[in-house]
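In the two complexes below, subunit A is the common chain; its partner is subunit B in one and subunit C in the other.
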Partner chain A sequence: MMKSFLAVLALTTALGFPAAAMAKPVTLTTTLKDYGGNGAYLAIYVTDKSGAYAGSLWMAGSKTKYYKHLANWYQATGGDTGQINGITGASVGAGRTLEITLDLKDALFDAGYTLHVDGAVEDMRDSANDVKVPLTTAGAGKPVKGRRYVSTLTYGM
Partner chain B sequence: MIRLLHRWPGLAALLLVVLLALSGAALSVFPAADRLTAPQAEQGLSVAELASRVAAQHPGVEQIKRSPSGRFTAYWFNGDVAEAATIDPATGKAVASADPNPVQRWLTNFHRSLFLDDGGRIVMALGAVAMLLLSVSGMVLVARRAGGWRRWFSGLKGPLAGRLHVEVARIAVAGLMLSSVTALYMTASTFGLTPEAPAALAAPAQVSGETGAAVGQIDFLQGVPASSLRQLSFPAADDPADVFTLATSDGEGFIDQGNGALLAWQKSSGWQRLSETIYMLHTGQGAAALGLILGLLALGVPLMAATGTLVWLAGRRGRPRIQHNSPLASAETVILVGSEGGSTWGFAATLHKALREAGQQVHAAALAQFDADRLHQARHVIILAATYGNGDEPASARGFLAKLAALDTPPAATLAVLGFGDSSFPSFCGYARTIATLAAAKGWGQLLDMATVDRQSPQDFARWGSDLGTMLGLPLDLVHQPVAPPALALTLVSRRDHGAEVQAPSAILRFSLPKVALWQRLTGRGFGAFVAGDLLGVIPEGSSVPRFYSLASGAADGFIEIVVRRQPGGLCSGQLTALEPGQTVQAFLRPNPAFRPAGGAAPLILIGAGSGIGPLAGFIRANRAARPIHLFFGMRHQASDFLYGEELTQWHGEGRLTRLVTAASRGRRPHYVQDALRAEAAEVLALVKQGARIMVCGGRDMAAGVSEALAQILAPAGLTPALLRAEGRYAEDVY
Partner chain C sequence: MSKTLMILVASTALTAALGVPAWSAMQAPAQGGAAALLATLADSGDTAARLILVDDDEDDDDDEGGSVGRRKSDDDDEGEDDDDDDDCEDDAGSCGAGTPAAAPAGSVAPPQNGLFGTGTPQVQVK
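Presenting the complex of A and B:
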């Protein structure tokens, strides 16, 4: 599955960066395992160095009634769909790849920010923090393994 | 109207509802299988004890869930690999994979959305709407057909497809309605159209900040039975702010991981409970037996789809288009049709054609379209009216009686009413009689006395046609064969003659069974499957109107047998009784389900006279199960017209016939079969009290005499032939 999306992030305001701050396009590639279930709901979001929710990057899966299964994201946002307005797509099938391109602020890298993926599949376990990886310039392009549904996640600049 | 609401959704959504039903029936098996294979919690097991067993086996357990079928699944991490398994609550050990069954998953996705996501969900929901519409309209139709809601399970008559359709429907309809209503709720819930679940419980602001409470020692969890568990999530070991999250059938809440205190609890809302109940009712998860029953009932849908289509096709075939229909404004004769299934339209078309060929301007229309103000040129109004169920209006006559009742002055055109019905129903031609009575009360001038056509009899119709022709001064020859199956040539194998000495020349004619195509044998059509009591339509040379004879044999006997009495001047009976072995007649088969012994072990009382012995002899011949049969047989003289005399003795010896009582109207002690009944009154009454079914076959006068005699015999028990008839225990085949 190929998804392209260009986002000038809500993170900007959330983190109080000046509008003129430098941003660069980042491609986020998430490949799922062949876990033998229906399409996975994935919430991709960022926390700051204190662990507090900073903003959402993408929501795969459109039915809000299932969002509570993305436990950490749901706990952090209270299920607020305003957080994912315009950055929501279809759920991702087993073995498929989700690719999204976003404009991320330079200041998000090497500053203690962490990228999270919460996953959930019908009739299977909820997998909060399926992926949890610090955003660093050094880590770019290096695949990270997920715990349940995500096979690998790579962010490339 | 109701019929249209049943027919068109049925045909339009045929494939969809069949697919829904088949996949639903297949899915219904899984909850039961799950229930049987999943290790269940022992009585009295608490969540605390369960959780401590699981934690002992799987340190680092994150979550324990219980499915509605009672299957416990635990989730933990083995290093960095997420693992899950079905666990045995008795030991906490993993016993089976936790992965969803791929077949069940495939079926579920097909059943809910045809693999087409939201678009597919909407299509399937429309299927559920069609199913609901079909159920409701079908219920109204069944009640109408049976003659009222209280007669929901009364006996059925008519062609096999229609009977099967109703038979299955009246059992399956409750389940189908439950399944479709719950399906619609679930679809609405998926699309967020049902009231939202309350906002999730906010994480507690205050925790003890400690860790390490042993899950088995937590008071609150000790009080929660494992059987009410939905899920228990363990706190992250490295995060003192994290808590236990518990969800049960009652509600959900948080528990401190340091001191085991209950930090928050929220009871589940009414809407949540409703949603869960609906989910259970639809899927059978948590109610496996109900699921299996619903699945079984769903299997009725393909059967009803097939029989419903057959009923519709038969109705279409039976409704010829009226050709050259004159406009109402210029018609001299107006034919108004009250028809339920469409067969009366066939008679109307024949009448229309005959009148037109006699030079008349004829307009035919549904009785419901009657408009007294528009009969400008009409000199005659002819109403052909069928009766539905218990004397109800047929479909195409809706509202006619009300219009008639509202008339101040009757139309100037004279009226003839012809009723169509089945004389074995209590209210034979009841609707037509109501029309005739009301029209007479309104002072509507009569063209012809009301007449009736019994079971689509072409003879009744032809007779009425010649009366009508006489009144109109037109030569009318109404030849109508309702459903004319192709006739086959039957070859006479043998004949046995009786009764010539007593002026009742009769013959038992046996024909060889024609070759039957395999599909006919499979579908039970034509000569593929028939039983004694069905009718053989014989088309005599020189006429196209068939005459019907009751069969004295079934397909299992390997021959076709009828009893024919030669009528003075009778065209068909003359030809048949003159037939020599090797010669052939043209004939076809018509099922007669109204005159069958029905199953069961209850005694049978068979009453017949003369050639009426035919089907009764057939029933006895087929009585291999030795059901008690008492035969009352009336003839003229033992020595001359004792039809089947030898066989009856033989069948008695074989146990197929329990008792034979004969009555001879000539000879030493002349009496009739009704006299024989009266002489045996005590035994007849005893048999009826045992549940006996009475079947009468013979001439109209004999049947009337028998009915009168039975009325006297049954009176002491507070019973009447009409009551027995209403219970389906009194059947007549008269001619």
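Presenting the complex of A and C:
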């Protein structure tokens, strides 16, 4: 009885370990500029090496009527909120820092994937691809400057 | 003398030739028809003839970018939401766009898009 229990335990551990090793916590730190407006909507998503939309990582802002201003993300998803279920939070104020820790697959790194951030602020210009940075292990921890609303974005592992 | 008389007759004939059609035209609106319709449309006192505002967009800076929210400034863009003072002030919900709001982080698992492992997203704003 004890032997069979240990055997099952060893088997489940052996099967579970590789699955756990395939993903790791990655922290995305996005600091916004003091642009002098309301909270920014940010769509953080990934495209593959062919440039095709691969999936969303985070949506800052919950009012769906504003999603069309996140132009590239909206074009890729049609505003489908199924893409951002469970990864949606509040919009981010000017000068604030959004820090998200996500359990991401290792396969996302050094495989041609690119991280994008689209931004939009009420009464201000939309900013598709405010940040666009390849996901590589070498690029981890290095701040990348944004174009309009994002001051810097850093992903750390 | 005959020359003076001839000039008088000629000028009278010319006046008559120009004046009679003009006089007839002035009397025509009272007789109805298309002229009467034109007169009605031109009458500013008639409430049936209204000015129609074709375009209230006074902006002239038509750039490539859009914006979220109102369109009051000269910064014309593709923003179409001209009222943020609606019943969607709670920053949570679909706000009438016909699209259901996304489930907030922590309430359900992240989407199965092949990017996520099994961990739960953690977020903080500093």
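Just so it is clear, the second predicted complex is superposed on the first by the 136 of 157 C-alpha atoms of A that agree within 3 Å, B and C clash if a C-alpha of one lies under 4 Å from a C-alpha of the other, contacts with A are read in each partner's own complex, and residues count from 1 in each chain.
Everything that follows uses one rule, which is that a residue touches a chain if its C-beta (ideal position, glycine included) is under 8 Å from a C-beta of that chain, and two chains touch if they have at least 3 such contacts.
Owing to the predicted nature of the structure, the values given are computational and were not obtained by experimental measurement.
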| said: A:134 in the overlay: touching subunit B, subunit C, both, or neither? Say first, second, both or neither. | reply: neither
| task | Could you say whether A:75 touches subunit B, subunit C, both of them, or neither, answering first, second, both or neither? | result | first
| query | Is A:57 touching the first partner subunit B, the second partner subunit C, both, or neither of them? | reply | second
| query | Once the shared chain is lined up, is A:36 touching subunit B (first), subunit C (second), both, or neither of them? | reply | first
| said: Comparing subunit B against subunit C, which has contacts with more of the residues in subunit A? | reply: C
| said: Applying the document's definition of touch, where does A:104 land relative to subunit B and subunit C: first, second, both, or neither? | reply: second
| query | Of the two partner chains, subunit B (first) and subunit C (second), which one does A:92 touch, if any: first, second, both, or neither? | reply | second
| said: For A:147 in the superposed arrangement: first (subunit B), second (subunit C), both or neither? | reply: first
| remark: Both partners, subunit B and subunit C, contact subunit A at residues 38, 63-65, 71, 79, 90, 123-127
| remark: Listed in rising order, the residues of subunit C that touch subunit A in the complex are 63, 65-70, 72-73, 75, 77-79, 81, 84, 88, 91-97, 99-111, 113-126
| note | The residues of subunit A that touch subunit B in their complex are 36-38, 63-65, 68, 71, 74-75, 78-79, 90, 123-127, 145, 147-148
| How about subunit A: which of its residues touch subunit C in the complex? | 19-20, 22-25, 38, 41, 46, 54-59, 61-67, 69, 71, 79, 81-93, 96-105, 108, 120-127
| query | For subunit B, which residues count as touching subunit A in their complex? | reply | 63, 73, 75, 77, 80-82, 84, 98-100, 102, 105, 109, 117, 189-190, 192, 196-197, 199-200, 202-203, 233
